[in-house]
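Okay, so here's the structure we're looking at.
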Amino acid sequence: MNPLNRQALARLVASQLPRDSFVNLGIGAPTQIADFVAPDAGVILHSENGILNMGPAPRAGEEDPDLINAGKSPVTLALGGAFFDSSLAFAMMRGGHIDVAVLGAFQVSRRGDLANWTTGKDDGEPPGVGGAIDLAVGAKAIWVMMDHVARDGAPRIVSDCTLPLTATNVVSRVFTSLAIIEVTEGGLLVSAMLEGAEFDHVQAATGAPLRLAERVGMITADGTLIGRS
Amino acid sequence: MRNVVVGTEAAAVAGLRDGHVVMVGGFGGAGLPRSIIKAVAELGVRDLTVISNNAGAGGDDLSLWFRQRMVRKIICSYPRSAKDFTLQYRAGTVELELLPQGTLVERIRAGGAGLGGFLSPVGVGTVFERGKEKITVGGRDFLLELPLRADFALVKGRTADTLGNVTYNKAARNHCAVMATAADIVTVEVDRIVEAGGLDPESIVTPCIFVDRVFARAVA
Amino acid sequence: MNPLNRQALARLVASQLPRDSFVNLGIGAPTQIADFVAPDAGVILHSENGILNMGPAPRAGEEDPDLINAGKSPVTLALGGAFFDSSLAFAMMRGGHIDVAVLGAFQVSRRGDLANWTTGKDDGEPPGVGGAIDLAVGAKAIWVMMDHVARDGAPRIVSDCTLPLTATNVVSRVFTSLAIIEVTEGGLLVSAMLEGAEFDHVQAATGAPLRLAERVGMITADGTLIGRS
Amino acid sequence: MRNVVVGTEAAAVAGLRDGHVVMVGGFGGAGLPRSIIKAVAELGVRDLTVISNNAGAGGDDLSLWFRQRMVRKIICSYPRSAKDFTLQYRAGTVELELLPQGTLVERIRAGGAGLGGFLSPVGVGTVFERGKEKITVGGRDFLLELPLRADFALVKGRTADTLGNVTYNKAARNHCAVMATAADIVTVEVDRIVEAGGLDPESIVTPCIFVDRVFARAVA
C-alpha cells in the first residue's frame, strides 16, 4: 500500500467539496484540486487577488499576464465570473463568505491549530505569508491537504505545533495521503482510510491520539472515497 | 450550476421572522427595494431591528412597516420627513439609534468584512461619542465603532445574473453594496435577470458570493 | 444696507472656490452654490450618496429617481462623472480627499466649532444627522455659509456654541450675509464686509470678538467680492 | 477643466525624494506599473520605504530598486522568489515588515478612508501579534491595526480619462485600487487615455478625486 499521490489526493478533496460552494484553493498542492472538480458540481473558485469564478488554465499561447491566480499562474475566467479589488477579495475571506478553504500545511494540531506559512527558516529565504492567515481565520471551513508525514517521516499531525502558527483552532478536516481526519471537540477522528491501511499504522504515523469514527470510509488508490457520502 | 433566482416576492423574503435584524438599502428613493419591502409588510412580522439610512417618506417604503408597528428599533442617520416613524417615535414605541451616515456605512462594511470594529474620528467631542470607547492613537482621539450585521439585507440592484452577480443603477448603488456583504440572507430586487455571462466581469459591483436570492420585480 | 440674500451669498461663495477643486455642497442653502459656479472653473462636485462630478438639475421631465443629490433632489451627471457606493463616498470625505465642504450652520464658535445638525429639539421632529459630521471632520477645508444672525437676531457666530456640536475646531471660513470671517489661531478675522457695512455693526451682530484683517475686501449687494483675490 | 495627464515618465514621478514612503501596486506582474517603477530607478533616490505585496521577481520590477539599494524598508506580504531583495535581506541592509496580505490591504484602505485603525482577527495567537495592541470585543480578541499612508502611490490602470478617472484590467486591479486612495501623490500608469466622458460612469473603479497624475506608457 503506497500513500496517495498528489493527484489522487487532489481528486479525493475535489469529490468532497459541497455542491455550489464557494471555495478558495491555497497556493501549492491545493491548486491542483481545480483540475478534478466536476464541471456540474457548481463549485465557484475564489482567488484572493480579485477573481470569483476562476476557470481552468488557458491554452498555450492564450495566457493573459493580468489574469493569474494567487500562485501567479495563468488562469481563465469562467462564465459569470467577476473581478474586484483586493480589499473586497479579503472582505470575502475575513468576513466568512468562503465556504471552504483548502490549504496546504506543515503541521496541524489536535485542536486544529495550523502551521502553514513560510518562515524561511529552513531555506534561508525571506519569510512570506501572503493571504494564508486571512484565509485560515475567515473561511467557514478550513480543510488541510498534505502528506501524512514529512519527508523525514516525522508526523505532521501533532499534539502541539512546533512551527510558528498561522492560526489557532481553525482546521476542521485534514486530507492526508493516508486518511481523512476530522478535528472535533473530542479530538481527532479518522473518518476514512486508504484502502489497505490499518488504523495502527495511521496512528503510528501521527503525533496525536486518533479515534476511529463509527463508520469509516475507504479511499481507493486513485482517490475515490467509498462508504461515505 | 448555482441559480439564486426566486420567482415571487414571498420567496424573496421567506424565513424573515419576528425579532430579526434587517438591513434595507437605499438613500431616499434611490436603491429602495420597494417590492420586497412590501412583501415583508405582508408577512406581518414584529419586533424588527431595521438598519437603513432613512425611515420612510410616507410612500411604499419603510413607512409600511412603521404603520403596521413592525419595528422595535431603527439604526439610521436621517429619519426626518418620515411621518409614520415620527408618530411612533413621539409615542415612544420605537427606539432610534442615530448614527453619522459614514459611521453607519462603515460599521456595516466592518460587519461584512469580518473586522472587529474600527477607529473613527467622526463624532469625537459631540454627543455621538456617548457610550463609545475612546482610543487615542498618535495623539489623536478616535471612537471605537463596532460592526453591524443583519439576518436579512434587502437591496435594490439593476441587473443580476442567475448566479447572483449584481450591478446597480447610478446613485442607487449607495448603501446597497455594503449591506449586501453583511447579512446572513441577502435578497436583491432587480429590474432584470440575465444568464450567467451576461454581465461584464469588470462592472459587477456585488459578486455572487454575497447574494442568496435575486428577484426581478415586474417593471411597468 | 440690506444683508446679502441667499442667492448673492451663494454667488459669493461660488466665486471663492479654488479652480479645479473637489467640493461638497451641504444640503440646504449651500446646494444653491452649484448654480453660480463658473463652467470654466473646473470645480468638481461630490455627493455623499455616491456621485462625483455632479451636473445641474435636469430639465423638467428628464428627472431620474436614481440620480439625486444628498438633498434628494434630481441632478445630472457631468461629463467624466462617476458613480460609486457610499463606503467609497465616505472614504473620500473622511479621508481628506474633498478640498472644500461648504456647510450650513446654526452656530460657529471662535475656535471653529460647528453646530449644524438637526437635533429636532425645536420642531419636535426626530433628530437627523446624515453625513454632516463626516464632512465636517474629513474635508480639507470647511467653509460655512449662513445668515449672520438667527431669525430672532441672536448671533450665530459665538464664543462657545450652545447647540449640540457637529465637530470641534474644523471651520476655517464663514461666509455670512454681512461678511467673510476667517477662523485663525489668533481668533476671528474679518476679511471682507458687505458694501456699506461698518465693522462696529458687524461686531455688534457677532457673539465673539472680531478683528479686521489688514486688507478688507468689499462685497457688493449681488455677492461680488472686490479688493481680494 | 481638470487635466492630470503627464507626458513623460519623469513628470509622472517628479517630486519623489529620498526617504519617501512609496506604495507600488501589483500582485506578481499584474498591476505592476513598470514604466514608472523604472522612472523612479532613474531618479536614483535613496532610503525609500516601499509598501507593496511582493518584492520584485528579478525583472523590470522592484528588483531595479533593490539592485540600486534605494530601499531602506519594505512592508509587504510575500517577498519570496525575490532575488535582489533577498541578497540585501540576508546582508541585513534592508528592513522587512511582513504582514498578512489582507491586513496589508486593509491598513492601506484605512489610511485612504481616514480611519484611525481597525480591529482584525487575523494574526491573533501568532507571531504577527507582536508589538500590536490586543483589544477584546464581545469576548473575542482582535489586533489593533493602524493605517498606512504614503507620499507616492504608483499603480497600473487600463484606461484613464483626462480628469483622472481610472479602470483596471482583470486581476490587475488587486492592490492598485486601495493604494490609489492612500497617498499624497497618486500616479497611474495606463495603457490608454481617453477624453472626459469616454469611460462608463458605472465602471470607473478609481474616481478622479484620488488621482493626481496619469501617464500613458508606450504600448508595443
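General remarks:
A, B, C and D label the chains in the order they appear, each numbered from 1.
By our rule, a contact is a pair of C-beta atoms (placed from the backbone, for glycine too) under 8 Å apart; a residue touches a chain by one contact, two chains touch by 3 or more.
Keep in mind the model is a prediction, meaning the values are calculated, not measured.
Counting only chains that touch, the fewest steps needed to get from chain A to chain D is 1.
Considering the contact criterion stated above, the chains in touch with chain A and with chain C alike are B, D. In terms of their C-alpha centroids, the spacing between chain A and chain B amounts to 35 Å.
Centre-to-centre spacing of chain B and chain C amounts to 30 Å, using the average Cα coordinate of each chain.
Averaged C-alpha coordinates put the centre of chain B at 32 Å from the centre of chain D. Residue positions 77, 83-84, 90, 93-94, 137-138 of chain C are each in touch with at least two other chains. Multi-chain contact residues of chain B (touching two or more other chains): 106, 109, 113-115, 120-121, 168-170, 201-202.
Arrangement of the chains shown, judged by which pairs touch: an irregular graph that fits none of the line, ring, star or complete shapes.
The complete set of chain-chain contacts reads A-B, A-D, B-C, B-D, C-D.
Interface of chain B with chain A (complex): residues 1-2, 109, 111-115, 161-163, 165, 181-182, 196-197, 199, 201-202, 204, 207-210.
For chain A in complex with chain D, the residues that touch the partner chain are 47-51, 64-68, 72, 77, 83-87, 89-90, 93-94, 118, 120, 124-134, 137-138, 164-168. Listing the residues of chain B that touch chain D in their complex gives 106, 110, 113-121, 135, 137-138, 140, 142, 144, 146, 167-170, 200-203.
Chain A meets chain B in the complex at residues 20, 22, 40, 42, 44, 46, 52-53, 77, 79-84, 88, 90-98, 137-138.
Against chain A, in their complex, chain D makes its touches with residues 27-31, 55, 77-80, 82, 85-86, 89-90, 96, 98-103, 105-106, 109, 120-128, 168-178, 205.
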